Every structure is written in C-alpha cells, then in structure tokens.
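So, here's a batch of structures to check.
In the two assemblies presented below, chain A is common to both, partnered first by chain B and then by chain C.
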Partner chain A sequence: MPNDYFAGIDVGSLSTEAVIVDSNKHLLSYSIVNTGINSSAAAEEALSEALQKAELPRNRIAKIIATGYGRAAVGAAHKRMTEITCHAAGAQQLFPEVRTVIDIGGQDSKVIHIGQDGQLVDFAMNDKCAAGTGRFLEIMAKRLEVKLEKLGDLALLAEKAVSISNTCTVFAESEVVSLVAQNHPIDEIIRGLHVAIVNRIWNQVQTVGVHGQVALTGGVALNRGVVNLLEEKLEQTLEIYSEPQIVGALGAAILASK
Partner chain B sequence: MTTSDTRRDYLQNQKSSGRKLLGVFPAQFPRELLWAFNILPVEIWDPPVEIAQANAHLQPYICSIVRGGLELILQGKSSLVDGYLFPHTCDSLQNLASIVNDHLDTGKPCFFFYHPKAVDGQPAREFYRNQLTQLIDRLEQHFGSINIERLQECIQTSRRLYSQLNELFNLRKQGLLQITNSDFYATLRRSEFLWPTDYISELELLLTQKCVKPLPSRAVVLSGILPNPPEILSLLDQHKIRIAADDLLNGQRRMTFLPTNANDPLEAITDAYFAQPPCSTKDSAIAERLKHLQKLTVDSKSKGVIFNIIKFCEPELFDLPQLRAGLRSTGIPSLVIETEINQVLSGQIVTRLEAFLEMIGD
Partner chain C sequence: MSLTGQLRYHFMKDIGAPALMGLQNITKKKRIRKPDPLFAPPLECTARLKEIMTRHYYLARFVPGAKPVAWVTSGAPVELLRSFGFYTIYPENHGSLVGAKKQGANMCAIAEGAGYSPDLCSYARIDLAHTLSGKTPAGRLPKPDILFAANNICQTIVYWFKAIAHHYDIPLILLDTPFNYSAINDGDIKYMVAQLQEMIPVLEQAAKKKFNYAEFQEIIGRARDTSLAWSDVLATMKNRPAPMTIFETFFHLAPIVSLRGLPVTYDYYQILLEELQQRVRQGIGAVTNERKRLMWDNIAIWYKVRDHSVQFAEQGMNFVTATYTNAWAETTVYMDVNNPFESMAKTYSLVILNNNLDYRLRLMERLIKEYQVDGLVIHSARSCKPYSVGQYDIKRKLRERLGIPAVVIDGDITDARAYSEEQTRTRLEAFFETMGD
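== the complex of A and B ==
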C-alpha cells in the first residue's frame, strides 16, 4: 500500500493536536490531547488517536512535521517548523482570502501577515510574559472561580468593563483580587480582563498591520468575548474555523504534503 | 599566547610584564592613545556575573551592560585594572560613570571621554580633538608623559590591525571565510582585551581560513550592540545562516575604520572616528542609518536584517520603528528580538528567529 498520508503535530503548552491529511490536502482526522508534563508522550498520544480515527496504520504516513513550542521533543517528526509558518499555512488552506492571522494560544500570541501564496510576509509575537495569551484568561478564571469556557459569555453580558491597568498576569491577578474586595460585579471585572487582553493583542496587530481578511486561530478563538471585542477593533468579522486549536497542526500537515 | 588562554591569565601576564590595564566601558575610545601609554584597554561589555549588588544603585529599567559592569566593580572582580575609562556612549553609561567616580571608593582613577554626538562639521572635529588632548593630559597625570613617536607607531599598528579586520569582514561578506558565526565573533571579541600585536597574530591565523569558492549559506545582517547571547550565533550556524555583515556597536560600527596617514597623529585618529558609519549612540539621523542598513543588506546579498536589541537600550529602541518601516518599504524583511546579554534564549526568541529564517526562505 502506498504511504500517501501526511501528519502535522502541534505541541502547545496546554494542548497537543495532531492532524492527518491525504495527498490532496483533505483533512481526514484530528485529535486534541492535554500536553501535560511530557511533550513527547503527548505527541505520540495525539498521533495515535488521529491515526485511529482515520483508520490508518502508522506506516501509511509518508511525512510528519512537528510544530509548537514542544516541536523539538517529537521524535517521530521528519521535520520541525515554527508554529508561525504552520498557522499561516493552515489558515491559508481553510480561508484562502485571509492575509492576516491572529493566533492566541496558551503560552503565546502572534499576528501573522501572509502573502497570496501563503508565504510569511511579517509577524509579531508576544514577549516572554503570559499577558495576551490563553494562560492569562485561565489564571483569571481560576481566581474568579468561573469555568474557563463560560468566561467569554460572561464578558459579553456585562454592561461595562472595569478598567484593569496591569497587563502582566501576576499583577493583574493582584488587581483582580482588589477589585473583588471592592465589590465590583464579577462580569464587569471579566469584561475588563477581556478588554486588557484584546488591547495587548491590538498592539501586536498594529506592529504588523491589518491586511485583507483576518482569521483568528488558537484555543482563545473559542472565547466569544475576545472574538467580539477584537471584531469591534478590527471593524470586520473574523474568520474562525470550528476547531481553531488545530489550525497549526493542519498547517504542519499541509506543509508535510508539499 | 594561544587562543585557548583565558582572559584573566592573559591580563595577569600583561600586568606582570609591566603594562597598565584600564577597564574601558563601551564603546568608542581612541585605543591608539592608550597603547602609546603602554596601557592595555580591557573592555567591559558583558562580564559573566550574577547581578545582585548593582540593583541597589540602578533603576530596574537600566540595561544589563551597565548593570553587569557595575556589579563587576562592586564584587571586586576588576581588581587587576589600574583605572576605568568611561566613554560618553549613552545616558545610562554616563550615570554609571558618576556612580563609580562620585560614590564608590574604588581607589582607582576614573577617566572620561566625551566624544561628540553630532558628527558633522568642523566644530565637532575640533571638539573631538579637544577631548583627545584632555584625555592625554589626564592620562599623563597618572601614567607619565606620552611619547609622540610611540603614538605614531601605535597608529601604524592600528592601521595594520584594522586593515586585516576589514579584509576579514570582506571575506565574510562574500562567504569566502571558512568559519562559523560563533567562531568569527569569538575572535572579533578578543580584540576587547588583547594587545594589538597579539591580536594581529590571531587575525593572520584567521585569514588562512580563506577559501576560493563561496560557501553555500544564506546571509543576513545582524544589527544591535553585541552578538549576545552567543546562542543566537549558534542557532544561525545550526541553520546554515551566515552573518554576512553586521551593524553592531562592538562590530562593524566601530571596528572597520582605520586611522589615516595624516602627519598629526591626533588628526589621524580623528579621521577614523569621523569616518565611522552612523550609530544610534551618536544620535545619527535615522535616514542615514536606514541608508547604511540598506547598503549593507544589498552589498552582502543578505536576505534580511535581524535587530538584536538589549533590553532597555534606549538609543537602539528609539530608531527601531522607523528603521523597520524603511526596510519594509524597500522589500527588506527584518526581525526584532530583545535579549539580555547573559541569559539563555527563551523558547519564544528561538521561535521568532526560526520563523524569520523560514520567512526569508532558501
């Protein structure tokens, strides 16, 4: 049997995704697992699950590209590429008209300008700190005793946003504690946190510029509060794939197929 | 003396041979003058010290070059030097000079060198020459009279040294030097503490690495203050990327312009300073810096520019947005990374660098 399938594995700080495509770049299957403390094992688990869903044996995979912060730990990879290039390729595959990709992952966020052929033109990425990333929202949800998946909806319900002056996650957490103590409504604090994260992302957007249609990728794209505020800033509707976490892995698989 | 000798052993030997050592902070200073006094300048850029005591004297937004330099003195690890020289490179270094001179009892003399910022026109040249004279006067008070014939000899040595460096930079530009980025910049940085004739011997050795056919590698321009942390260089080596030209303050911005053959030695030194390329620490016009970077990129057939910025380096940070926009408008991609001089590269910085290399393609 020919080995004409391709895999992409995106090892992120919170989750690891694997995607399998055929030689026509059609998505056959995907999986999402927690990364945990062993990136290598998470990559293996994600790949096995995706293969199982596609009903393919391992030897039908011609090439694997690993991406994400844990890409170096993927022993099965034939090649490693950055998540910036892979998100660009994935977004280009899903939305050919898109020229700007905003990716908000667990540990970092990036804004990518892509050319007509999906090539990277420019990009900006957050610094070491967790401000403007999924981790920021995760920590705040925990502090406010709200489920992470409910955070965005609560932000939309608030009539106004409490101003959060710190974008540093550690300082913002202290600020939130003070705001709670001052009896500010929780939904207004949550909206304030969303405004803070979107402002942080907006700085990166301005570095690269807004070019054509914009796609939002990464787990934070599932947060309607962030989406809503970003769309207000951009004055356009964001293109969002139904499983926004897998766009990087999809891009890796697409690049493996080339 | 071989390349495997440690810096401290070398300095100890120099001192034992009767030479005086001067701890010199970055970046522009007339080294020929010091050599003529039989003084070895020992440059203090990135001492490998853990910052602890310096934090009591400096604000948190001061760069790690200044912080590390002060820490070195506070920890008593600069005991070998006979004094300090502070060129007027930026406000932070100027403040460091005040702290060391006015508030620390080091027992060693401090010298200052206020080179001009606006480097166009005759008044600037006169000011520079005046500063040279003042520095000589101050040095004579501590180290005896200068011998003008000796200074002339040092200028000739300097001409030889910088000619060789120019040849090496030229070979690097063409891909005709069989040496990694890491090894090249390690050798370049030995100029920060070697006596010039010893350094010339090392450069001669390096010139034997010349090859006939250009090596296959993609090229970039590296801009900033220092090629630190060294992991940047090894990462580029790993990806077979050659730094074909640099715009580093401790690289080509100051290391390629030799004194002229003017009869007056101070005029010869002045000529070299005024021939240097534009620099953020000299308040050069951004348009000039942009033109220089574009020329470096085109001449070296580089695919882009990497700005490696030391955190809180204000002179560099001020120019960046316009430099990047200007490069972009002429189709030259660029990347900015902010690093600390003695910290390992974070995963994010590695990703940025690798993404940039993927962006500039084959």
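== the complex of A and C ==
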C-alpha cells in the first residue's frame, strides 16, 4: 500500500490543529485541540485524532510539515515552515482567486500578499504587542464577563461604538474598566473594542496593500463583528472558510504533498 | 594642559599602553578556534582593529590634562577638531560597544531610573547613564571639555548633548545642517560655512591653540583618502563571493566613525583593503556557501550581530552591502582640500539621514544593482526614528521597481528589551521561504 497521505500540524498559542490530505490535496480530516502547556503532546494528540477520523494508520502518512509558534516542538515533523507560508498555501487551495490573506490568530496577526503562482510576495506581522490579536478580544471578553463566542454578535447589535483610545491591550483593559464604571452600555464598549482591533489590523493591511480577493483566516474569523467591520474598510466581502482555524494546518499538509 | 599630564599621557601612549597590551597578548590564553564550516577563517586584520580600538579607549583615561577632550556625534565635521588636537570620544561608538557587550538594557535602565523615557534613543540613554553613574563596560571615558555635534543624523542629538553640556557645564558646539528636501542651495551652504567659521575662535579657546589653515587642509585631504579607502573596502564586496560580510564591516567601521582624519585610520584601511583584495584574487568568500546576496538597512542590532551572521550564513546568505556602512563613503566626493569649508558643508549635510526619501530610494536602488542584491532586510530600530521612518514605503517601492523581496524586523540598536526573539525568527524564516531556492 503506498504512503499517499500527508499531514500538516499547526501548533498555535491557544489551539493546535492537524489536517490530513490525500495526494490530490483533498481534505480527509482535521482536528482541533487545546495547545495547553505541552506543545509536542498537543501535536501528537491532534495528529492521532485526525488519523482516527480519517481511519488511517500512522504509517500511511508519507510526510508531515509542522507550522505555528510551536513548530519546533513537533518531533514527528519532516519539515518545519512558518505559518506565513502555510496560511498562504492553505488560503490559495481553498480560494484560488485570493491574493491577500489576513490571518488573526491567538497571539499574532499577519497580512500576506500572494502572487499569481501562489508564491509569497510580501507580508506584515503585528509588532511585539497583543493588540490586534485574538488575545486582545479574549482578555476583553473575560473582563466584561461575556462569552468569547458572543462578543462579535454583541458588537454588531450596538448602535454606536465607544471610542477606545489605547492600542495597548493592558491600557485598553483599564480603559474598559473605567468605561464600565461610567455606565457606558456594554455593547457599545464591545463595539469600540472591535473598532480598535480592526483599526490595528488595517494598519498592517495598508503596509502590504489590498490585492485581489481577500481571505480571512484564524480563529478570529469566527467573530462576526470583526468580519463586518473589516469588510466595511475593505469595501469587499471576505472569503472565509467554515473552519478558519485550520487553514494554516491545511496549507502545511498541502505543502507536504508537493 | 599641564606638563605632568602631558608627560603621563605620552608615556602611556608610547611605552605604557603598548607594553601592557603586549603583556596581555602573552598572558591571554590563545583560544584555538575550531574552523567554522559556515565562514572563511577570520580576517587577520581583526587583531589590528581590536588593538586600535582598545588602545583608543584605554589611553582615553590618561588624556585629561594632556589634551583637550571632545565628545563628538557620528555626523559632526570632526576634521575641524583634529586640527586643534582634540582627543575625541564618540558616544554613539561607545553605545554600540555597550550594545555588543549585551549591556545595553542595563545601562538604559540607569537612565530610565533618572527619569529619561524608555522611548528615548538607547545610545542617548547609555551615554546619559554613563554620565550620571560613571559606569561603562569600556573602562572609563574622559570628561569632555567641549561637545561637538551636528544635527544631520537626528534632532535627538541636540537635546541629548544639551543634557550632557548642562551636566558638565561645558560648551556645546552645534552644526545645524538644513534638511535636504530636494536640492542643496547656496543659502544652505553659506549658512553652514558661517557656522563652521564661527566655531574656530571657540575651539581655539578650548584647545589653547591657534587655527592653522594649512594643517586643516591636510586633514581634509587625509579624511578624503581614508573615506575613499573605506569605499574601496566596501566595493570588494561587489565580488562573488564577497570577501567580507556586512556584520564584519559593522566592526571594521569603528575607526572611520571615531578616529576619522587620523593617520592610524588611513593606514588601517590600507591593510584591510589589501587583505580583502587578496581574498578576492583567491576566490575566498566570507560565507563559504554564498547562494544569495542581501542588503541591510539601518544601524546594526549590536547584541544580535553574531546570531544573525550565523542564522543567515546557514541559509547560504551573505549581506554584501548596507546603507549604514555606506554612509561613511557616501559623500566623499564633496571633500575638497582647496575649498575645505564649503566641501564640509556638503559632505556633512547630504548624508542619508539628512536627505529626502527619494534620495534614499535612489541610493538603495543603486546599491542593490551594483552589489547584485537578491533581498533586503530592514531593521526598524526603536531608537532611530529618522532612519526607521519611511521604511515600509521604501520596501514597497523597491519591490515594485526591482521585484526585490524584503522583510522588516522590529528591534533596537542596543536595548535588547525591544527585540522579540520568536517574532523575529518567524519573520526571518518566512523571508527565507520567500527567497526560495
């Protein structure tokens, strides 16, 4: 039996994803697990789960590429590549017309420009700061005692946004505390936070430029508030995969199959 | 200047320091370095470079009382000072030394403790920290008699040197260089020449020595020859493979920055040039497997030079040019012994940091072509705002015009707290992936 399956593992700060594709680059299965404090164990767990779903034994995997912040910890990987290249490859596979990818992950965000042939042309990443990442929203959700999944919808319900002047996560958090104390409606504060994060991302978008169709990847793509505000800025609809977190791992699996 | 001070200085210069350094060489355990497969053996000149710089900093402690001392900015027209015999200390060079010794963050913290903002340039913070605490890994810096600055590199320097002048209660002599928005005009030149001429009586008084025009001309001539030699040193890297890496030039730059106009500097670049030309003839590359050639923009990340040189060499990538090292070869053409004041006005006001972005773009385009550059690494330095502003536009323009891939890394020249290891690794690895094979 030939080893004609390929795996990609994306070890992120919050979650770890594994994707298995066949030699025709068709997605067979995927898994999402919490990274926790042991990246290599999370990678193993994600891979085992994906194999189980695909009903494949381990030895049928010909090549594994690891990506994400914990890529160095994936012992089983044959190769390691950055999430920038992997997100570009994943988005390209899902949406061949896409030339710009915005990825908003747990601890970083990036904007990627893909060339005509799918090659990486340029990219920008957030600087050493959590503002403009999933972590920003996570911290604010906790502070406002709102479920993270509900945050985006609440932002959309608000009629206006309270202005959040701080771009630093720590300062923005204390600003939120003051706003709550001043009895500002929670949904308006939430909308203000979404405006802040989208403005932050927008700066990165502008350094790379908007080219062709735009895809949004990473866990924050599940937040409808962010999506809505970003689309307003872009003046176009974002391409979003139903499981936006797995795009990096999918890209890694696609690259492994090449 | 006292007689005993002069005797002590000359004794140390001619007998004491050479003897001490000779002794150090004997007692120092000879480290036998295993040959590194990534690099050619180190340049033999490096030993001479270390000797020159160590001696300069060591002798500095015997200077007070023997010679007038000036603290000088990297872009100040030091040739004028040389004719008065000032012993010059470059706080920026001192800052880079502290950075390379990985003491930048510690020194910066001292300045921050005294109330200076962490957003202030880290060279300034290190210098202020040393001034306030006397601490430095360089031994001891001599107290300045005057400060000599030009604002062609930034405006921070003006306020930083004002703080130092206030602390020591000494004169600050400043050359104000109008920013070059499109082209330099006669008014700008006249304005700068007048300033240079006004400095002469102040310097005469500080140095207790009359200005000697012929001597000044001679110094300008030597400075020009030295700058041309530096230019030739850099030009050897146009060869494939390049005989030196830019990370090495960051260190070999020290004499032209801080001992400019002195015979020792001219002599040093002659022997460095000879060694590099020898390498070129033998086809020796500094990076053994030079697959790709890169350009560096902005000042070095001093505490990371070694790490970066290994990281890039592992990819078969060598930095063959940098806007930073080029800055000391950039305006040499304007140096003219027959017209020293006007030529200094041009030489010092038309440098990269006092020039418009279009100039910078054209300069980078030229370097990329001349040195056959495949990719560009841009250091966005938290300390150096004039150097870091406009980098994203330049990056975009260069990609549009030359199709050259580029990456921006955030960091700082000496303050390691502004550098994120993981973030930078990911950006650089993505850049390597962009460069492909």
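The working rule: the second predicted complex is superposed on the first by the 258 of 258 C-alpha atoms of A that agree within 3 Å, B and C clash if a C-alpha of one lies under 4 Å from a C-alpha of the other, contacts with A are read in each partner's own complex, and residues count from 1 in each chain.
Criterion: a residue touches a chain if its C-beta (ideal position, glycine included) is under 8 Å from a C-beta of that chain, and two chains touch if they have at least 3 such contacts.
Just so we're clear, the structure is a prediction, and the values are computed from it rather than from any experiment.
S.K.: Clash or fit: chain B against chain C, after overlaying the two structures on chain A?
M.R.: On the superposed model, which is not a single observed complex, chain B and chain C clash.
S.K.: Please work out whether A:Thr82 is in contact with chain B alone, chain C alone, both, or neither, and reply first, second, both or neither.
M.R.: Both partners, chain B and chain C.
S.K.: Kindly classify A:Phe123 by the partners it touches after superposition: chain B alone (first), chain C alone (second), both, or neither?
M.R.: Both chain B and chain C are touched by A:Phe123.
S.K.: Classify the contacts of A:Glu49 with the two partner chains as first (chain B alone), second (chain C alone), both, or neither.
M.R.: It touches nothing on chain B or chain C.
S.K.: Let me check the overlay on chain A: which residues of chain A are in contact with chain B and also with chain C?
M.R.: 69, 81-85, 108, 119-123, 125, 127-128
S.K.: Looking at the complex, which residues from chain A come into contact with chain C?
M.R.: That would be residues 69, 81-85, 108, 119-125, 127-128, 207, 209 of chain A.
S.K.: If we count contacts the way the header does, which residues on chain C are in touch with chain A in the complex?
M.R.: 392, 395-396, 399, 405-406, 408, 410, 418, 420, 422-423, 426-427, 429-430, 433-434, 436
S.K.: Under the definition above, what is the set of chain B residues touching chain A in their complex?
M.R.: Of all residues in chain B, those touching chain A are 328, 333, 338, 346-348, 351-352, 354-355, 358-359, 361.
S.K.: Of all residues in chain A, which touch chain B in the complex?
M.R.: That would be residues 69, 81-85, 108, 119-123, 125-128 of chain A.
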